[in-house]
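Right after this note come the structures.
Each of the next two complexes has chain A plus one more chain, namely chain B in the first and chain C in the second.
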Partner chain A sequence: MASARRRSFVALVAAAGLTLGGGLAACSSGEKSSDNLDKPECAAFKDYTGIAGKTVSVYTSIRDAEADLLQQSWKQWADCTGVKIDYEGNGDFEAQLQVRVQGGNAPDIAFIPQPGLLEKLAKAGNLKPAGDKTQTMAKQNYSADWLKYATVDGKLYGAPLGSNVKSFVWYSPKMFKDKGWTIPTSWDELISLSDKIAATGIKPWCAGIESGSATGWPATDWIEDVLLRDQGPDVYDQWVSHSIPFNDPKIASAVDKVGSILKNDKYVNGGLGGVKSIATTSFQAGGTPITQGKCALHRQASFYANQWPQGTKVGEDGDVFAFYFPAVDPSKKPVLGAGEFTAVFDDRPEVQAFQTYLASADHANSRAKLGNWVSANKGLDIANVANPIDKKSVEILKDSSTVFRFDGSDLMPAAVGAGSFWKGMTDWINGKSTKDTLDYIENSWPK
Partner chain B sequence: MDFSNEPPKLLELLYGVIAFLAVVGVLLFVLDKLPMRKERWIALTFLFPAGALLTIGLVIPAIRTFILSFTKPDIAHPGTNKFAGFENYIWMFTEPESRHTLLNTLLWVLLVPTVSTAVGLIYSVLVDRSRGEAFAKSLIFMPMAISFVGAGIIWKFIYEYRPEDEKQLGLLNQLVVWLGGTPQQWLLKGPWNTLFLIVVLIWIQAGFAMVVLSAAIKAIPAEIVEAARLDGVTPWQMFWRVTVPSIRPALIVVLVTITIATLKVFDIVRAMTGGNFGTSVLAYDMYNWAFPFDNTGRGSTLAVFLFLLVTPIVIYQIRNLRQQREIR
Partner chain C sequence: MTVVPPAVVTGETEVAPGGVAKRVGKRLTSRTATVVSILIALLWTVPTFGLFISSFRPENDIKGDGWWNFFTNPSFTLENYQEVLFGTSNVNGRLASYFINSIVITIPSVLFPVFFCSLAAYALAWLNFKGRDWIYIGIFALQIVPLQMALVPLLSFFSRGVSLGGVTILPAWDLQGPDKFIQVWFAHTCFALPLGIFLLHNFMADLPRDLIEAAKVDGASHPKIFRSVVLPLIVPALASFAIFQFLWVWNDLLVALIFAGGNQRTAPLTVRLAEMAGTRGNEWQRLTSGAFISIVIPLIVFLSLQRYFVRGLLAGSVKG
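And then the complex of A and B:
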């Protein structure tokens, strides 16, 4: 400590002519440097030795209550191993991570929700491949379907952390029971149910795609989900990898199919206005009319469970619940989902150890017990998942007949997936034709 | 934040200040002992820190941005750029989306400085020497104290839309409903939505214009005003022939300052529409391309263009200042 101070003093003298703050970063604060691995509650972590007193910086898009739960989930691991986890969540994560990496200020580990971004950072040499132990742990706990999204040029860069299932339609079980409506199991049933509801004077669907600088993303989820149903997973893969153009007639057919709901004045926007109100309604408020009896159906991911007004009970017997967004052919079960992946910018032993722990069943269960959590981790004990919608999501993810596809906009180049696709769909809702919209997005694909 | 960690940092800061003073002291001492051409050396020595900071923080990045504006991302090697010639500049002026952005920026630059200066000027003339002047001035000055993002959020609520049969949340739509109209989605339809955003910046900047111009009006020598009165001027003549020419320098400063602030507008657009519905502006597109869309080439091109737009205004301002100095 004393020598550190003297060193930074010397540095300060040198830097004084330029800046007063320059040397301050050299300050190191005292930390405890012993672990507690011999304690009985730490038995599960006995392999994580020799990293006590070290610090790992984490950078994520997860904030507020969710972030607190996440930090709680690894607290025991941190206490046992003596590693300090510096957590930072940022609402503008995707852009700020690139700013930090370009500025030479990368975090130790980031939870990246876009495999497209992960791939780019890996190819640019910013990321370090996962260590041997992390690889073993990841392969043990996750299916190849999931790991392929974190694999670049044959190298695994990390493991999935949280996941979510997007192919859900939220509804009010009470409203359905009162009116005698039944849950549709095919696309045709879904449309005839919508017509039936529309005939009663209620606009059946409600939606909201406003989300600050990410406005438009819920609409892109709609397109992806319907494309997966309308054209199948193979066309979906070709579309994501751009081996068919964005304005291919197959894509236009799926977009028009979405339009038959979202741009249909008879169907939307229950309790919120006309078609265009979708563009200015926040995604958080998009489903609220269901609780007021002004809307019957809202297609949104499992994590929407946290967005309902306070006091809304989520469950099959509660105020709101969700059914699986039906396929065109009921014998198939395509599922759209997403999640974040752990990726490391530094391969110090404590960083690798933390990445290994995050891929473990221990962490998945520890986090699941705290509530509001879905993971594709095979070691996740479903008994630890309390929330009914999370339970349903885990069941879907574990079901071997499920054909899972990752959110396409997260796989595309950022200029499209976080740019023109969002913007294009927002303009599409606001009246732009399908052809013009798709041509615009196709033109924006980086060449 | 853990404050128990702070004292050592403060101590280090103290070291830093002492070191700084020591360096300055030694420099002064050495310079004092130097035999010849003292003044030039003193000037050079003291210019060095500022010069070095300007080079590191401004000149080098500006040159790098200029070079980057001639590159585009290399698809084959992610994370690297390749030479693209004038492709980005051609893109900027030909692609409909970015052309629209440039047009919007033009609209902002034409409207915000002129309208807010006019509003500020008229207001300060009207309230000058009236009763309750301080109160009236603080009313219009208050928005200056609000951040751009804060102002954006406030006005987003004012423009908020609810369907006709629902209770209105937004002030503007409530007024429309009271007057018997139907609520509108103010921020959806172009080009009106850009105008609705421009109102927000005018709301902020009018206060600034008013304060500076009011001070300038108060500084007009009483003799001139009195002489004009004795000559029998109408209020109209007084305004155009006496007040405006007397405060011309202040008017120019206000116009130039607001113009530069307008060219850089970012926060209001981001907070209110996220650049959607055809409301994007230059600075916002610059950020989007450089960071979220991961195309530093296009981002830099927009930055260079923004720089080119600001430069003549700054040059005009400097020349104006020089002229005044010569008159004095």
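And then the complex of A and C:
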């Protein structure tokens, strides 16, 4: 028995040694340092010369299935140029990236979803400004509205990559058709529709803001979206940059407007319970009652399309779809959204080349063809976007009458945007008054 | 759960040298203690049991309601396991390689500390040199330093090396790819030393002095005493420390994330588990089966070594 155990242990160690040795051998055998740029399918990439055999490390918060698609999207570029892309996705990206940068182990390129973090890293001198080719490519493909979020002290640090549109209200087209409800096009219509639905005995709205350590973020999106509608983009910008205080009466008015829905017992929380159940329902499950006919409306971003229970068809003729969260003044079209930006920590030619490629229309289309992708890239051909909700998002982003604003909590200092704002909104749902909540958040703003 | 502390407290308040271990042992085997411990065991097991049941429920059921509905509305599927182990997407299908990574990380990260700690503990317990007690107190005190504090400096030590006033004292290690395992082993070994030395020192210092002296009289050198006399006697303590360290390293996410990275070639199972739910957590039903797959090895290790564990724990800590 004892010897058997020892033998199996030796085998285990040997196996461990073998895998390690195998890994080292595979690494040291060296990659071919030649590119395939002369092949016909590589014609689009003929400018990316002289970087074959190099490796670029990528660090992102995108993981699992979406990471697979992303890696697939640049496979052809990597095959053609001979560059190896070392991909790493992590759920704790924001914290880990800073640890790595401080520890001198920064990746070559990171996809940063928070312009606030990008600014911080750029100001600390950790990021390298985008190269000339990347700048040209970015300016050609993205609007100034987008690029300003990656510009620090007049220097462009990267281009946007993926995006999402947050100003959506999910509903069930079938339910609307059966009951004869129509899609509202203004705030007043939205409220009268809510009243109409409430009168039928169904609570019209459902929501869930629980999201582990990030609990509260869906509520911050609500506030931002409504602030954009209630007070307009200028006040929104002042609020984000803290040139008006967080507890300004204008902000309070927007928060109360959200409260007229989220803290209204007649309106929420369809199929899930009372107002307080919003705080305990996970964001993934927040819209599920719509599929059960217990709730009619759920305000959530385009990416919520992946959260519906298995087998739910998303589309105008499907089980669920989304309409644009209407503005107070129907002639205006404010849109709240978010996305990630490519930022480089090293300016080796292969890293710059990769950054340039990611800003190109080639990549946007290559990624969009694989499905499940929204980008603000002007060169994105809408025919390549298959998913109806993604299509709608791209249309909104491309529409020139759209006034786009980036998710405010990603622009604010992390102590607020990823801290007290989330917590404050959770307390607010749990019964704290608007004034107390806003005072609390204002006091937490780093001096 | 609030019932337990009194039992322990009474055991400690009546401090009578010598008989404490015996009395604690007695208290722990009384009938009420047994009932209480069974109750606690049940309470602790319920969530794990719920997770286990959930792992066999279909996705929509898991997301729709609690696991206890399984009993009124049973539906059984192995799909979660299938998806996690053999899923068709790139990352899912490779759970096996993360498993190997975990093993490659864990085994040396257990063997190194066990080896170094036993040597250090021997020196601190049986070699007479100046400042010995101060060194021991220093090591003991290091236990209170949270490892999070050391992450950035240690990472910088690996990637930038050490330089003092512009003079390079140690060059950067500059490890790439699978070589990053070395960083993880190094980090885990460092973090394990204070507790390991403390545990083993206490155990070794309790060995009868006569035994060591008899060996000395017979002309044995320190290495010889260590190998032939001390080592066989401290096997239970070594085993319990090894299990501690094994469970800690196997379940560790933070150290691996920073020093091994999330790359498929070096990341352990825990890193993959953390990613498994997807970017926005929409596939969290996979965590149920993923958790159980990752539990398998620790369970085997724990069950096969548990008799050492209990013995080593009592011997190392309760003895005064």
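Everything below uses one rule, namely that the second predicted complex is superposed on the first by the 418 of 447 C-alpha atoms of A that agree within 3 Å, B and C clash if a C-alpha of one lies under 4 Å from a C-alpha of the other, contacts with A are read in each partner's own complex, and residues count from 1 in each chain.
Here is the rule we use: contacts are C-beta pairs under 8 Å (C-beta built on N, C-alpha and C of every residue); 3 or more make two chains touch, one makes a residue touch a chain.
The structure presented is a predicted model; accordingly, all values stated were derived computationally and were not measured.
Judged by the touch definition given at the top, the superposed model places A:A418 against chain B, while chain C stays out of reach. By the touch criterion defined above, A:A279 lies against chain B but remains apart from chain C after alignment on the C-alpha atoms of chain A. Of the two partner chains placed by the overlay, neither chain B nor chain C lies in contact with A:G154.
In the superposition on chain A, A:V99 makes contact with both chain B and chain C.
By the touch criterion defined above, A:G201 lies against neither chain B nor chain C after alignment on the C-alpha atoms of chain A. Of the two partner chains, chain B is the only one touched by A:T215; chain C is not. According to the touch criterion, the shared surface of chain A, contacted by chain B in one complex and chain C in the other, consists of residues 5, 12-13, 16, 19-20, 23-24, 27, 96, 99, 212.
On the side of chain B, the complex with chain A involves touching residues 5, 8-9, 12-13, 15-17, 19-20, 22-23, 48-49, 52-53, 73, 75, 77-80, 97, 161-163, 166, 185, 187-188, 270, 274-277, 287-288, 291-295.
By the touch criterion stated above, chain A contacts chain B in their complex at residues 5, 8-9, 12-13, 16-21, 23-24, 27, 29, 94-96, 98-99, 119-121, 123-126, 210, 212-216, 271-274, 276-277, 279-280, 413-415, 418-419, 423, 426-427, 430, 440, 446-447.
Within the complex, the chain A residues that touch chain C are 5, 12-13, 15-16, 19-20, 23-24, 27, 61-68, 71, 86-92, 96, 99-100, 102-105, 211-212, 284-285, 288, 303, 306-307, 309-311. On the side of chain C, the complex with chain A involves touching residues 59-60, 63-64, 89-92, 100, 103-104, 107-108, 151-156, 158-160, 172, 176-179, 181, 257-258, 261-263, 265, 271, 274-284, 304.
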